[in-house]
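Labels A, B and C are assigned to the chains in the order they are written; within every chain, residues are numbered from 1.
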Amino acid sequence: MAGIAIPHVTYANLEDEMKILVAVKRAIDYNVKARPKSDGTGVDLANVKMSMNPFDEIAVEEAIRLQEAGKAGEIVVVSVGTAACQETLRTAMAMGADRGILVQSDDEVQPLAVAKLLKAIVDKEQPGLVILGKQAIDDDSNQTGQMLAGLLGWGQGTFAAKVEIGDGSANVKREVDGGIQTIALKLPLVVTADLRLNEPRYVKLPNIMKAKKKPLDTVTPADLGVDIAPRLKLLKVTEPPARAGGVKVADVNELVAKLRNEAKVI
Amino acid sequence: MEREAMEFDVVIVGGGPSGLACAIRLRQLAAESGHDLSVCLIDKGSEIGAHILSGAVIEPRALNELLPDWKDRGAPLNTLVGTDRFLFLTETRAIRFPTPPQMHNEGNYIVSLGNVCRWLAQQAEALGVDIYPGFAAAEVLYHDDGSVKGVATGDMGRHKDGSEGPNFAPGMELHAKQTIFAEGVRGSLTKTLFARFKLREGVDPQVFGLGVKELWEVRPEKYQQGLVTHTVGWPMDSKTYGGSFCYHLEDNLVAIGFVTGLNYENPYLSPFEEMQRFKTHPAIRDTFEGGRRVSYGARAISAGGFQSIPKLSFPGGLLVGDTAGFLNVPKIKGTHTAMKSGMTAAESVFELLRAENEPGKEAVDYPHRLKNTWLWDELYRVRNIKPSFHWGLWPAMAYGALDTYVLRGKAPWTLHHHPDHEALKPAAQCREIVYPKPDGVLTFDRLSSVFLSNTNHEEDQPCHLTLHDDTVPTRLNLAVYAGPEQRYCPAGVYEFVEEAGQQQLRINAQNCVHCKTCDIKDPSQNINWVTPEGGGGPNYPNM
Amino acid sequence: MTALVIAEHNNKSLNVATLNAIAAAASIGGEIHVLVAGQDCGAVAQAAAQVAGVTKVLSVDAPHYAHALAENLAPLVVSLAPAYSHLLVAATTSGKNVMPRIAALLDVAQLSDIIEVKSADTFVRPIYAGNVLATVQSVDAIKAITVRTTAFDPVATSGGSAAIETMAAGPDAGLSQFVGEELTKSSRPELAAADIIVSGGRGVGSAENFKIIEALADKLGAAVGASRAAVDAGYVPNDYQVGQTGKVVAPQLYVAIGISGAIQHLAGMKDSKVIVAINKDEEAPIFQVADYGLVGDLFKEVPALVDALGK
């Protein structure tokens, strides 16, 4: 019979095992097209579908696979944002994470502040591995994992396509321009997930119900002693200008000449 | 195949107004009486509201009964209808008619029904309803005695060819003592129930319209909160049933839509392009100049009314809302009736389960209860208006006036409906319609429209638009009817493309906005719409 | 006001992306210094010194800088940072890896992927996969910036005569080690990272005919993409798809062949620097966004293009 894919984990046998912290962000659903508000003050998110950032879903999946492979113990998921982020944490717990922490704030929290908040959580939780998505599909910053690693003084396996946990160290295959780079990193470690790391599982109904009962703690930035004042001021948002059509060329020779001499792209 | 099963007292299929109202009423009754019962609601949309599309002006009558303090609970009913206009359009002119009495909107609200459903879902969850969006009910389950046992959700992670992919997750069985089908217009499971329990025997066929809707953000000077406009006439010819709505909501948002009766005869007709063309009318286009279109969608409407209501109960389950068809056509409203049917069903089911806590029983008193509510009386009175349009617009308008003002809905006769899919005439007998090209500013093509509906389906899954016979599209539809599916589909799902020197039907299932028109209008009923993987389909915001 | 641009290189030659980053630094104004940290990377420092507009090259040579590992490179840049108002790097995977670590250690925000310089503290950057442009102002004393390379034309590789200053190396942080690299040189590049993409649409007609597209891609060293229509028609697998549910790409050159230009597709590639369209339908929407359009039969034009490129 098709059972529930997630093994039952008791905390007793986790004590010596590596804890994994996974950071997840509630972001616009990847199917939804973002649109600037007409007054340019921000992006119109009223009643649009929100989901877990897809790269973070991959991060959660990787943690669960490491746990299933016996390489890790408890999985703690953390989110930073409004109370609605509880939903995102519940989704991660329905996938298989064991416990959630919401750092609740109604204010905008920029990547540097998120990294500081996560550092405070890491200091408390002492995980051996932190996994994040490589970037969120809303602000496309691609910063938080690297910043967190920097603040912690840990190694960073960014844009991971494969993670192999060894004894005291890990090999991470990274998606770099033009290929795959493999680096060895000391544990503890920060990993950021790229698209090909894995394909996240479907969440099953009974697991959604079970996730409702998993522990979820809420703290505030003030509790963690972190100043989250933004350092970047958003002056305005606009729609990108429509691309104007160019010229028609008569034949392939003219095209090649234009590409070589005018556009200089070949 | 073995699947996991979960047990509930009541499972509700569909998170629209009827399903949510039913869920809320059930939990209210449980709380009031102290007789607990578990209620689970599933919806194929990625979230509640994702697949909801309506005008919408709603009459708050049912909501007042269900949650009298809805205002305090922050229900998104923010815009009372103000000015109410009813226009008859010729190609160049607009003539204002007195608004028919059924269409009067005092005390009604212009809303996004999707947002109302999002709010209703919060109320339901607070009352203890388990709501699971993203799970499509794909199959009805039966007990050995033939009564309904529940539903199974669809498998996830199958490849296009049906084989199991690496993340394959089999569907779940949801067992219930009573299963309530609130699938909305042309429910895919309801269709199987009609056949199995012969629920449509002795009633008129259901008839449908296709509503194509856009949401615009207009320039502040063009905006008049609360303004409601309906039109009849152009661009429909007098034989084709159709009309528009235009509602000014909050925040400079204007909803505009065009409904085409799916009993149209000319296979060259394209409801999508009628909508686009309609917007260019001099009385209409001005509102949208300088504005921007922010959303798009389409959905079929059940328009049969009273004489098309099927048998509503069967062993183990009930039908509520528009999957049965409670729309009041002349009023062009169905939310209040859908909710009322759900609430009434809840009362019947609750009484039944309190008396006999057994699976597979039939809540036979549901239709009787319904007959004693305002819903039944309301639908009875207007039953002859829509079928009279079979005679064409002008006779119908005249008949409508007679029926409404003189007979007051109490005519000693009932006019009947004919199935929509039989209405198409061979292309050879029809005039080809040449629609204007979209300008990309006021009028658009299908694909840039679907883009705004945020529609997606996992690419690698079995096609959810199934054909009984693969040869029909070319052999019959193309040869005789000039391929009507490429025109009636408002999402560009169906295309005839040349392959190896032959015209072949290509089904772009990913584009499907779940409007169900193909399942309704295909001339030989060759297309069977089944649920794709849960979570697929449109993601309508504010629709 | 002086900007420090972190050079990207392979210890032998300067990566052209660095020239885009220098161009961004130039549009901020002020002096431009370039950091070349690597192993036996003297030639790179020499090349950087020639680049137009560069006034000083800082050269640091140590084995632990050979692969630009963030754990070692970041502290080095941090130690140099107080002298600078702006730190820039190309938004390549290498630049994206190191700059946020630097920013965090300096306790400053980072401006990712800028496409325009409005002033010394205000920049434009795409968000929401390029569907929205944000104008952002930094309040930090040091601006840490990654630069979208396609948005800034590279500066000339010659014309400069900067002094090269050799600096002492910092310690090896001992956190990370380079193990190996598999560069996809032999086969085609990845869609997401390719400089050139050749994409085919439904006009290609069959899976068999996609060989025509592949031949052109191989000639250009390009990745192969496809429109949703071509994927739906089964000509190529899903992962070739550019557009709505597929990948958003922004290569230097995008060649759209037999693609009509449905909005989903346009959304996926409109940030490309140069777009070429080959289509027999003169009215195809793709021509409205193409820098160079060629109206013609792809089965004739594409092989002719391969020949013309060979000349």
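Going forward, a residue touches a chain if its C-beta (ideal position, glycine included) is under 8 Å from a C-beta of that chain, and two chains touch if they have at least 3 such contacts.
Since this is a predicted model, take the numbers as computed values, not measurements.
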Chain closest to the middle [Cα centroid of all protein chains]: A
Comparison of A-B and B-C (more C-beta pairs in contact): A-B
Centroid spacing, where centroids are CA-atom means, of chain A and chain C in whole angstrom: 22
Between chain B and chain C, centroid-to-centroid distance (C-alpha), Å: 47
Cα-centroid distance, chain A relative to chain B, in whole angstrom: 37
Sequence positions of chain B contacting 2 or more other chains: 451, 456
Multi-chain contact residues (two or more partners), chain C: 245, 267
Per-residue overlap in chain A, given as positions that touch at least 2 other chains: 31, 33, 35
For the chain C and chain B complex, residues of the former touching the latter: 202, 228-229, 231-233, 238, 241, 244-245, 262-264, 267
Of all residues in chain A, those that touch chain C in their complex: 28, 31, 33-36, 43, 110-112, 115, 137-151, 153-156, 158-159, 171, 174-186, 195, 230-240, 243-249, 251-253, 255-256, 258-259, 263, 265-266
Chain C-touching residues of chain B, taken from the complex the two chains share: 447-448, 451, 456, 459-460, 497, 506, 508, 510
Sites on chain C touched by chain A in the complex: 67, 69-71, 74, 92-94, 96-105, 107-113, 122, 126-140, 174-185, 189-190, 192-193, 196, 220, 245, 252-253, 267, 270-271, 273-276, 287-295, 301, 304-305, 307-309, 311
Touching residues on chain B, where the partner in the complex is chain A: 2-4, 6, 46-47, 49-50, 112, 114-115, 118, 130, 132, 134-135, 153, 156-157, 166-167, 169-170, 172, 174, 217, 252, 292, 294, 451-452, 454-456, 539, 541-542
